[in-house]
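What follows is a pair of complexes built around chain A, which joins chain B in one and chain C in the other.
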Partner chain A sequence: MIGAVAAGTKTAAKIKRENADAEIVVITKDEHISYAGCGLPYFIGGVIEEEKELVVKTPQEFKQITDIDVYTKLEAMSIHSKEKYVLAMDILEGNVKKYSYDKLVLATGATPFIPQIEGADLQGVHTVRTVNDAINIRSLIDKGAVSKAVVVGGGFIGLEVAENLHGKNIEVSIVEFAHHILPSFDEEIALYAQNYMSDQGVNIYTCEKVISIKGEEGRVKKIITDQREIEADLVIMSVGVKPNTKLAEEIGIELGVTNAIKVNNFMETSIEGIYAVGDCAENVNLITGKPAWYPMGSTANKMGRIAGLSMTGDQKNGLKGVLGTTIVKLFKLNAGKTGLSEREAIKQGFEVETVIVPANDKAHYYPGYRQIITKLIADKNTHKILGAQVVGEGVVDKPIDVIATAITFGAKVEDLENLDLAYAPPFSMAMASTILASNALLNKLAGRMNGINSFELKKRLDELLVVDIRDEASYLIRTIPGAIHIPSEELIYRADELKNNEEIVLICKVGKIAYLSYLKLKKLGFQNVRILEGGISSYPYELV
Partner chain B sequence: MIGAVAAGTKTAAKIKRENADAEIVVITKDEHISYAGCGLPYFIGGVIEEEKELVVKTPQEFKQITDIDVYTKLEAMSIHSKEKYVLAMDILEGNVKKYSYDKLVLATGATPFIPQIEGADLQGVHTVRTVNDAINIRSLIDKGAVSKAVVVGGGFIGLEVAENLHGKNIEVSIVEFAHHILPSFDEEIALYAQNYMSDQGVNIYTCEKVISIKGEEGRVKKIITDQREIEADLVIMSVGVKPNTKLAEEIGIELGVTNAIKVNNFMETSIEGIYAVGDCAENVNLITGKPAWYPMGSTANKMGRIAGLSMTGDQKNGLKGVLGTTIVKLFKLNAGKTGLSEREAIKQGFEVETVIVPANDKAHYYPGYRQIITKLIADKNTHKILGAQVVGEGVVDKPIDVIATAITFGAKVEDLENLDLAYAPPFSMAMASTILASNALLNKLAGRMNGINSFELKKRLDELLVVDIRDEASYLIRTIPGAIHIPSEELIYRADELKNNEEIVLICKVGKIAYLSYLKLKKLGFQNVRILEGGISSYPYELV
Partner chain C sequence: MADFNLNCKGLQCPGPIVQVFKTAKEAQSGDIINVKVTDRGFIKDIQAWCKKTGNELKELNETETEIQVKIQKK
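Let's turn to the complex of A and B:
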């Protein structure tokens, strides 16, 4: 076994449970094994206090429980697949050792991608991948050496680190090359989270490219983007990771289109008897059936179990694929995604229908309820669910998991609307958010409702007549640029103010009153009316 | 529309949205419409402060939003299905009015069942069904008239009321006729919740029957069971509800085997043009395909939508069935269930395999994680999931909803193990509880693991050799009656102390170390070893 974080140790333990006679050697060049990579941002922020909490098991504990030897600081140098042995170097002593195998497992993980820019090697420029990375960053903070930090990259780890640094009273700026943070999310959902992060006091610069990092006496001082200079005592490089495939490539193991190691459903590579698990291995996207690469701790564990079972003879249930389900907590906001975004789905050639529906996570009369916004994406022709994104201060992991489960079984929108989900006031509305969203999407698919989302509306503001139907006070405080005001109660009587030929968009607070008004205008013969889905409360662009 | 709580108002609103020309009259004998029945216990306890929070909409608000007239305090007296009209009496004025219809919807709800015992009519004996019930109870409490209360019935509403009364510094006793509270749950899960409620200071008496209620000057003083007398200023009768079917029966509408009104997938009764929705209507259990009756607010809303669509011409997606998914919060403990319990599944003729697996709801290193215990029940032959129960202080609604969704699609245990669920430390373990449980159940189904649950172990304590493999201190503090002690490290060397022919059960804290020790004993040739699933931490019976 080469590699000993999640997938490596899981595979080893599973083999041993299935076959107590198996002789297993796990080697890793790292100092720590079986550590919680996803916990590193929280260790940096002190939410997780002790280093030992991050490390699930030491080599000694692992040995005691599983009877498996793990050698740390031992780096695999080469694989000799004909003769079936691995040469590995003891990093401390410098000598090379030989390990024979019948079967070999590559759990070599992934490495942060570091842009080739000036200053990337300065002191104070860090990645967040290993326990030592986190220890080093925290030690800088604890020494009081960090008052300003820049996080390069607005993906999950970058955002989690930003939150944790902010919690340490550090002024944090995020620089993201894409149009918005959370690049895998659709814009209108990502911007909702982005606005929220900004409101918490994190500086966010998007569409911005880091050009170089400047330092003094070898320590980072500031970061230069194509737009500005930002002072920094600490720079976190979080622009993505790449799979560690060097050892595999050297012996001709096939890589996939994603550049990760290609494996079958049972984690076996193109060379018989050699398996790959965890972040170095490729996945299949369950929806598209195409190769994809989602390096996730949850998937690593599943791969480990499957490889272990498969290597000891049980080849019944392989890994059919994954959905790229992800979730992040940003201060009190949660954002989750499963399946394809609208943008990804269109790129994959699907004709999509989507809907955005705000709801509460608990009964509206139960204390502590919070709003969540669900975006549901379906194939317009087959009605199959393609993906979902849920964002808000309320519970989002539950609806994401429900929809992920449904997608796994090829669910259509129709299959969601009658799910018998757990209901009591402290846990859900009587009509759960997912059911409300599926109802709304069915209304759209059946032509009973015509909606537009924030993203689309923003793009077409100039062409559309936006009618704010809330009360006058709300309209005066803040509305969408160019919106005229007709309160919902007056809409029918003042319908002649709306020319029948124009494309009209009704906006209210969350979309519900607009829907009822929409029905009234339709009845009056208006053909070209739409509602802003999710209302003004989900509109993440400029208001006036 | 006869009835105006959840299903009635939902149906009316949906019809109006589909057909703005529809003339709809909703009548109800009640004073309130569209109220949150499930919120009543929380109003009693003051968690929900204001009466208006309970009432989703007043008739005026409902009229303004939907343009539908609702008449309260108007009781339907008879239906004349040939002539298509309803006679209804104005409760305040006493006069009878006639309402013609093309289509009729019965949303008559359900009524609490009140045992025919002496004293059931005393002042201070209440049911909890309507807003006025809750107002009356709270007003007694607010006057300081209640220091001791008895709740008859340990179902969901009874338990929620008990918690809320306890929160008001009232001494609360629950009397339940069945062997345990939460009668629809399997014993070992229900007892876990029951022990927890007892620990919070609620007196619980099970296997006890209420014989009579005694009063003074017309007010309740004490309750007499077949075991004891309990003083009480307040008695809550919460022994179940029965569907209100009188109007339907009078005109020959067919009832189902559950005594609720039989309806097809589109909520139409045996008389064409007459629909029944909500608590008065029967359901189908999705797993058994047999009639069932689960009066739930969540189902009522779905029925209303379907009836509304169906009555206006859209008969595409009917309600195929429900799972009886339920959930309850008891102090900080949560308990949820979907599908069949083990006991129900056996009764339905299934050959079942089950497993009990404790897990954490978040990463073990993330602050605030809590334990949950999952019981998963599957068909031994087809591996189809039949049901699940989850209990603990952690998040239980999420796993219940995931499993409910999976069951809806006919999932097998194998389908659960690779679900791509949302993972980040604040939301889940890398291996989510549901995945861990499915892994364990697959181990059992494949003969890789042999477990016994608390319920079974308790019954067979005398026949089994129970070996506590925890450390000595833990063993001395508390263990299962009759257990001998061999710490896991010594098990192999002391294996000769365990006679090979005896049936051995290994117990540890949560079941994990016992599983590893089980594998070691198997390797030594022990044929008849089992582990206590969930370990001693899930064992709800007497410890010594």
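Let's turn to the complex of A and C:
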């Protein structure tokens, strides 16, 4: 096994359980093994206090429990697949060692991508991948050397680190090249999270590119983007990761279209006897059936188990694919995603229908309930669910997991709508958020409701007549720019005021009252009415 | 100066803000309005309302399950 974090150790442990006689050697160039990479941001912020808590096992403990040898500070330099051995450099001793194998597992993981810009090598510029990365960053903070930090890249890792730095009273700015943070999410959902992070006091600059990093006496001082300069005594580079495939490429192991190592359902590479697992290997997207790359701990562990089974002769249940299900906590906000985003689905050639529905995570009369917003994406023709995103302060992992499960089993919106989900007030609404979203999506698919999403509304604000049908107080507080006010109870007898308009969009708080009013206007003969999906509470753009 | 106490617990948005809006119409300058709410949406609403109307948000306390605010009418 080359690599000893998630995938490597999991594979080793599984082989041993299946075949106690197997002789297993795991090597890693790192000093730590089997650590919780996903916990690093929380160690930086001191939420996880002790290094011991991050490092699940030392090599000695691992040996004791599993009877497997793990050698650290040992870097694999080359693979000799004909003769079946690996040469590795002992980093401490400086000599080369030879390890023979019958079967070889590549679990070399991924490495943070570092843009080639001036100043990327200054002190105070860090990536977050290993335990030592986190220790170094935390010691800078504990020394009091950090008052301003810039996080480059607004993906999960960058955002988690940003939250943790902010918790240490550090002024944090995030610079993101894309239009919004959480680039894999759809814009409306991502912007909701982005507004939330901004409200917590994190500076966020999107559509901005980092040009260079400037320092003094070798230490970072500020970063220069194409729009501004931002002072910083700590820069976190989190612009993505790339799979570690060098060893594999050198011996001609085939890479996939995603540039990760191509494997079949049983984690076998193109060279017999060599397997690849975890972040260095490619996945299949369960929905499209096409190659995809999801460098996630959840997937890495599964791949490890399957490789262990398949190597010991059990090839019954391979990994057919994954959905790229992810979840992140940003302060008190949670955001989860499974399957394809609307953008991805369209790119893959699907004709999609989507809906956005705010709801609560628990009964609205049960103390502590919170709003969550569900975006559901389905295939317009087959009604199969393609993906979902859920965001809010409430429980989002449950709906995301429910939908991930449904997608895995090929569910249609009609199936999701009728799921018998657990309900009592402390846990859910009687009509759970996922079911409400399915209802709304089916209304759209059946043509019962004509909705517009916030993204499109924002683009077309000038052409449309926006009618805010909420109460006077709510309208006064904030509304969509240019909206006129007709409370829902007056709408019918004031309908004449709307007669001459080409296109009307009704807006309410979550979309429900607008839908009822929409039906009334339809009855009066209006053909040109739509409702703002998700209402004003999911509209992430400027309000006045 | 008078004190108004509104118990809006259990009311969902926009219930609480509508109550505040009505009460503020009756209240005189300098009067205090205390509001108890369970709906989280109220926090942003009341902040925005005070900003727009010039009434002063003197206190905002939130726990996991309840929000209490004190407003003084302009």
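Everything that follows uses one rule, which is that the second predicted complex is superposed on the first by the 542 of 544 C-alpha atoms of A that agree within 3 Å, B and C clash if a C-alpha of one lies under 4 Å from a C-alpha of the other, contacts with A are read in each partner's own complex, and residues count from 1 in each chain.
Following the convention adopted for this analysis, contacts are C-beta pairs under 8 Å (C-beta built on N, C-alpha and C of every residue); 3 or more make two chains touch, one makes a residue touch a chain.
Since the structure is predicted, the reported quantities are computational estimates derived from the model, not experimental observations.
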| item | value |
| --- | --- |
| Partner chain(s) touched by A:R478 [first = chain B, second = chain C, both, neither] | second |
| First, second, both or neither for A:A110, with chain B first and chain C second | neither |
| Partner chain(s) touched by A:Y365 [first = chain B, second = chain C, both, neither] | both |
| Touching partner for A:V322 - first (chain B), second (chain C), both, neither | first |
| Partner chain(s) touched by A:I469 [first = chain B, second = chain C, both, neither] | neither |
| Touching partner for A:E393 - first (chain B), second (chain C), both, neither | second |
| Interface residues of chain A shared between complexes with chain B and chain C | 364-365, 367 |
| Interface residues, chain A side, partner chain C - complex | 364-365, 367-368, 370-371, 393, 470-474, 476-478, 509, 537 |
| Chain B - residues contacting chain A, complex | 6, 17-18, 20, 36, 38-39, 42, 47-48, 53-54, 56, 65-66, 156, 160, 286, 296-302, 305-306, 314, 316-317, 319-320, 322-329, 334, 336, 338, 363-367, 395, 397-398, 400-402, 404-406, 408-409, 411, 414-415, 417-428, 430-432, 435, 439, 442, 446, 448, 513, 516, 519-520, 523 |
| Chain A partner contacts - residues on chain C that touch it in the complex | 10, 12-14, 17-18, 20-21, 38-41, 45, 48-49, 52-53, 64-66 |
